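Two complexes follow with subunit A in common, the first pairing it with subunit B and the second with subunit C.
Showing the complex of A and B:
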């Protein structure tokens, strides 16, 4: 919607005004994330820009908080715990979710609406309610304060994302391909491995990434269900914000921003690949 | 007609069809079992807890049975008092008096010491028990206490819901409104609704223009600008909340800039965090992508020729937008607004960190009753009310958008 050359002054003002307004909104979206990155290199233990930082004096910057992060057993344990919980929950969610998506996208699936509703429900129910319910139930069966408890809870939260992404890939899936494989003598398992799996793989991987980030970023369930042994990165940030405020959490935050950039790029590349494989025009 | 092995075609077909249905179901079954056990059952159990009332009847079985014959007017008979003493002595022996006292304290203040005191002294008491018990604490001579005991001696209770909506039982056992200084929950539900509406409005106000811009720019540019929406979406929630604390706090970046610009004095730094304002700003930022993405996908599907047709028929820019483009985006507005509203109404983390007093929402109180006051029945009742609200909204959402058409990223 480029501005036509014959546009009047009013139209011109409106056009540029609108662009400036949009620019401000983009600024609102990005500024908070960008503002914390330089602060994580602050020499001072404050959350504010010092005079040295503003004049770009090297003395105002340091890797102090990154060192504090690397040398802190609490943070290193948190990373380890986040990875243990995230990877295990993702594996469970991806395997079960992919199987279920394959079943759900079959024409013959009975009670599809009801079952879909039940399976998606962990995504809809407010986290505080899930956390409360799981806290009561998991304590009564002795799973509260254990890794299996947190992993099962996170796996339940992650499955809706796997189902949604994999069913979305299966929408464009040409079922005559598996029939062709079968007619050429492939067993259902071979047909799945050689034909179906490579085609739905982008959906499976992006679903797995969604499930992983859900677990990796999840805090409410962890607050209620996890013990000291299962403190994850968000849990450590939570106490960092509430109790001992130190720029170490800004260093962690910066690392997490880099992590989400990597994740965003992966998802975008997967999406393009999926569209190419399914013969859709690249956007 | 028969198949090659002699089975009638109709039966063979039905059998094949049944086998296919079974295969489909077996693929879904593991996850269904998993979700039911790890998620549905816990939620159901929590809802159950909001009406479940086992403690009183389990700790005072004889008393509750004897109270069954009481007419509720005068003081109960001697054998009710005798049963109470005997129950409390037994409860003292197996250490269940504590939870009974806590449970009854939800119903009236002073119940804790009333029950615990009698349980301690019960061993030395002699008949007639009525006089002895009333002498120990004269509140046992108050029929209101016995009415509460009779009411809460049932295995199910509505008491948690009664307190969750700021009602209470008066001395006659009728339901009335809480004293004005005791009313918390209705006001908090209303504030949660008000904050959610405010957040929905600000996300719509900010989300609509950029969704419009993204949908109308050429693909290359809009893909680039989309990163500005998607990066916050993918960034950890706690990182974004931390960022807003850094920006908004009194010694924070925005206040520093305002002081440096000379707009405010160093002593007059603005309070922007730990209040409703902080909650709204931070949550608008966090939920904006949930508004932009559905709006964008609807706007992407609107052909630009509609606007051109409107212009060629003599509409000015504004009329063309308002009469033609805007109505076409209503499904997107509805989807985005309900999505943002559903998410914000149950939000916990951000209000807990930046909300202070005035920015607290109902989930924060549920967490408080779960972790601090340990009134789990009340937490469950508040949670159930919230859950029912969200499910109704979600049902509306799925009527508008469709349950499996939720777009991600």
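Showing the complex of A and C:
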């Protein structure tokens, strides 16, 4: 989209102004994340750039906080807990969300809009309200302060993402394919496994990744529901900031940023693959 | 439209469709989607083993609905459907062993052509070596042997269509349903595919139920044609019968071109009848669908059955004024004004004895009573 040769002064101003504006937005979004990455290599236990760092003196940098992170049982426990909760909640959310999306995509399904609204409400209702509600409800059934409690709560948060991404994949899904599979002798289960599932898989996987990330950096529900046993990474960072103020959390944050970038790249690659499969993009 | 009909007329011998062991039988089948309007009204249809039966009819006449009921994707509201004498209403679609070619092909986009073809064999747990062999054979049959490793999206429309046909045949079903499979193809490819499907049918001896709204396609391919209108079979007959002897005005106008002359029956005996047109002329015609004197009727007359300067003994002869001539190569489409009807079409063969007509000229035209059918009004 290069500037056309006939562009007048107004168009030129708009053209460059628009690009500068976009750049500013990116800066606004990215700066807080980017700024912590160099800080995590700080030799000093400060949250500010030292003179050595600004002059790029190697003496100003170290892996100190990364080592502290690897050697801390509290952090290692937090990672283990985050993975247990994240993976379990993702599995539950993916299965439930996929099934719900499949059901909701059927024409004969009654009250589709209403049910859809209910199922994605955890995304819309303020988290603190869900968390408070869950706290009282889970306490009364003995789930508060347990892994199943945190996992179920996170599954409820993640399910809407799966429903939305799978529903979006199903919009373009040709239902005569399942009929074709049946006419060729495939039972409904086989048709689902061999035809429907591979075709909606990109939607399922991106939904699952969103659900996992949601659980992975969720703090409000963890604060309400989790006991000492269920301290997750965000919970550990929370106390790290309030109690010990150690740049270790900068190292953790950097690792998490890298992790998120890897996940998002996966989503993008999957999306391209699904487009290619459906013949929307040239091979 | 029906110019090349007869050239590939099927030589398959078809057992009488009315016998008790008919292959497919629709008995008093009704279908309603909304519980109010019937889109299929009391359908009775027997299809013989090995037959190529075409359902032909305008859009919305219920053809796809009939196929879907046969394939098991819709339930009949009333009546029963039998396959080989067994009721199939309670058999789920995947156990009916009916091949189906969908209008949009419905090829599995994430599988190669060969995988698509292997799918019905795999779900039947056939051995790998045999699958490979049968896939290769069927690919050769549709002349796509070299394209087995392509994805469906990398094929042209005609190639995809052939894969769809091959996939519906590869597991050797005894019945194959095809829902307007050639709808998306251009004219040449369409004609070529018509021949290919026809040859496959003759070669394999499968029973095919074919849906189309293209009448020339129906005429070239079928053993019998069921003409649908508004959920009712208007006529079920061989292509030649349907063209030569339409039973009612709808069929006459839907199949091929015809001249329609509205009138009233004035005299009627077993062999022929006299019909008075609005302008007063009296035409001798073959009574088909009229019951008595005074009946309103529509005379149906094929444009190619009208003669210019007919022999003296011809049943009907009239003066006609030539209005318009359209040169079409093998024949000249001539519009004349006869019996007060100026939309009357005559197909004059482009041969020497017919000489040159000119617009504005007056000629004598004539036709035999046998060719002029008195149908319902």
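As a working rule, the second predicted complex is superposed on the first by the 263 of 283 C-alpha atoms of A that agree within 3 Å, B and C clash if a C-alpha of one lies under 4 Å from a C-alpha of the other, contacts with A are read in each partner's own complex, and residues count from 1 in each chain.
By definition in this document, a contact is a pair of C-beta atoms (placed from the backbone, for glycine too) under 8 Å apart; a residue touches a chain by one contact, two chains touch by 3 or more.
Note that this is a predicted model, so its numbers are computed, not measured.
> Kindly say whether there is room for both subunit B and subunit C on subunit A in the superposition, answering fit or clash.
clash
> For A:122 in the superposed arrangement: first (subunit B), second (subunit C), both or neither?
Only subunit B; A:122 stays clear of subunit C.
> For A:59, decide between first (touching subunit B), second (touching subunit C), both and neither.
After superposition on chain A, A:59 lies in contact with neither partner.
> Could you tell me if A:21 is touching subunit B, subunit C, both of them or neither one (first, second, both, neither)?
Only subunit B is touched by A:21; subunit C is not.
> In the overlay, answer first, second, both or neither for which of subunit B and subunit C A:138 touches.
A:138: touches subunit B, not subunit C.
> Tell me which partner touches more residues of subunit A in the superposed arrangement, subunit B or subunit C.
Higher number of touched subunit A residues: B.
> Check the residue A:258 against both partner chains and state whether it touches subunit B (first), subunit C (second), both, or neither.
neither
> For A:76 in the superposed arrangement: first (subunit B), second (subunit C), both or neither?
After superposition on chain A, A:76 lies in contact with neither partner.
> Kindly classify A:3 by the partners it touches after superposition: subunit B alone (first), subunit C alone (second), both, or neither?
Neither partner.
> Give me the intersection of subunit A's contacts with subunit B and its contacts with subunit C, in residue numbers.
The answer is residues 283 of subunit A.
> Going by the contact rule at the top, pick out the subunit B residues touching subunit A in the complex.
These residues of subunit B touch subunit A: 17, 20-21, 23-28, 30-32, 34-36, 38-46, 49, 206, 209-210, 213, 216-217, 219, 223, 225, 227-232, 234-247, 249, 251-253, 256, 285, 288, 317, 342, 345-349, 353, 363, 366-367, 370-371, 376, 379-380, 383, 386-387, 390-391, 394, 403-404, 406, 408-409.
> Quick one: in the complex, what on subunit A touches subunit C?
Per the touch definition, subunit A meets subunit C at residues 174, 176-177, 179-188, 190-191, 194-195, 198-199, 277-279, 283.
> What part of subunit A is in contact with subunit B in the complex they form?
Checking each residue of subunit A against subunit B gives 1, 11, 14, 18-19, 21-22, 25-26, 28-33, 35-36, 39, 46-49, 92, 96-97, 99-100, 102-104, 106, 108-110, 113, 115-122, 124-130, 132-138, 152-153, 155-156, 159, 161, 163-165, 167, 206, 210, 213, 216-217, 219-220, 223-224, 234, 237-238, 241-242, 249-250, 253, 256-257, 260-261, 263-264, 267, 271, 283.
> Which positions of subunit C touch subunit A when the two form their complex?
71-73, 92-100, 102, 104, 106-110, 119-120, 123-124, 151-154, 167-168, 171
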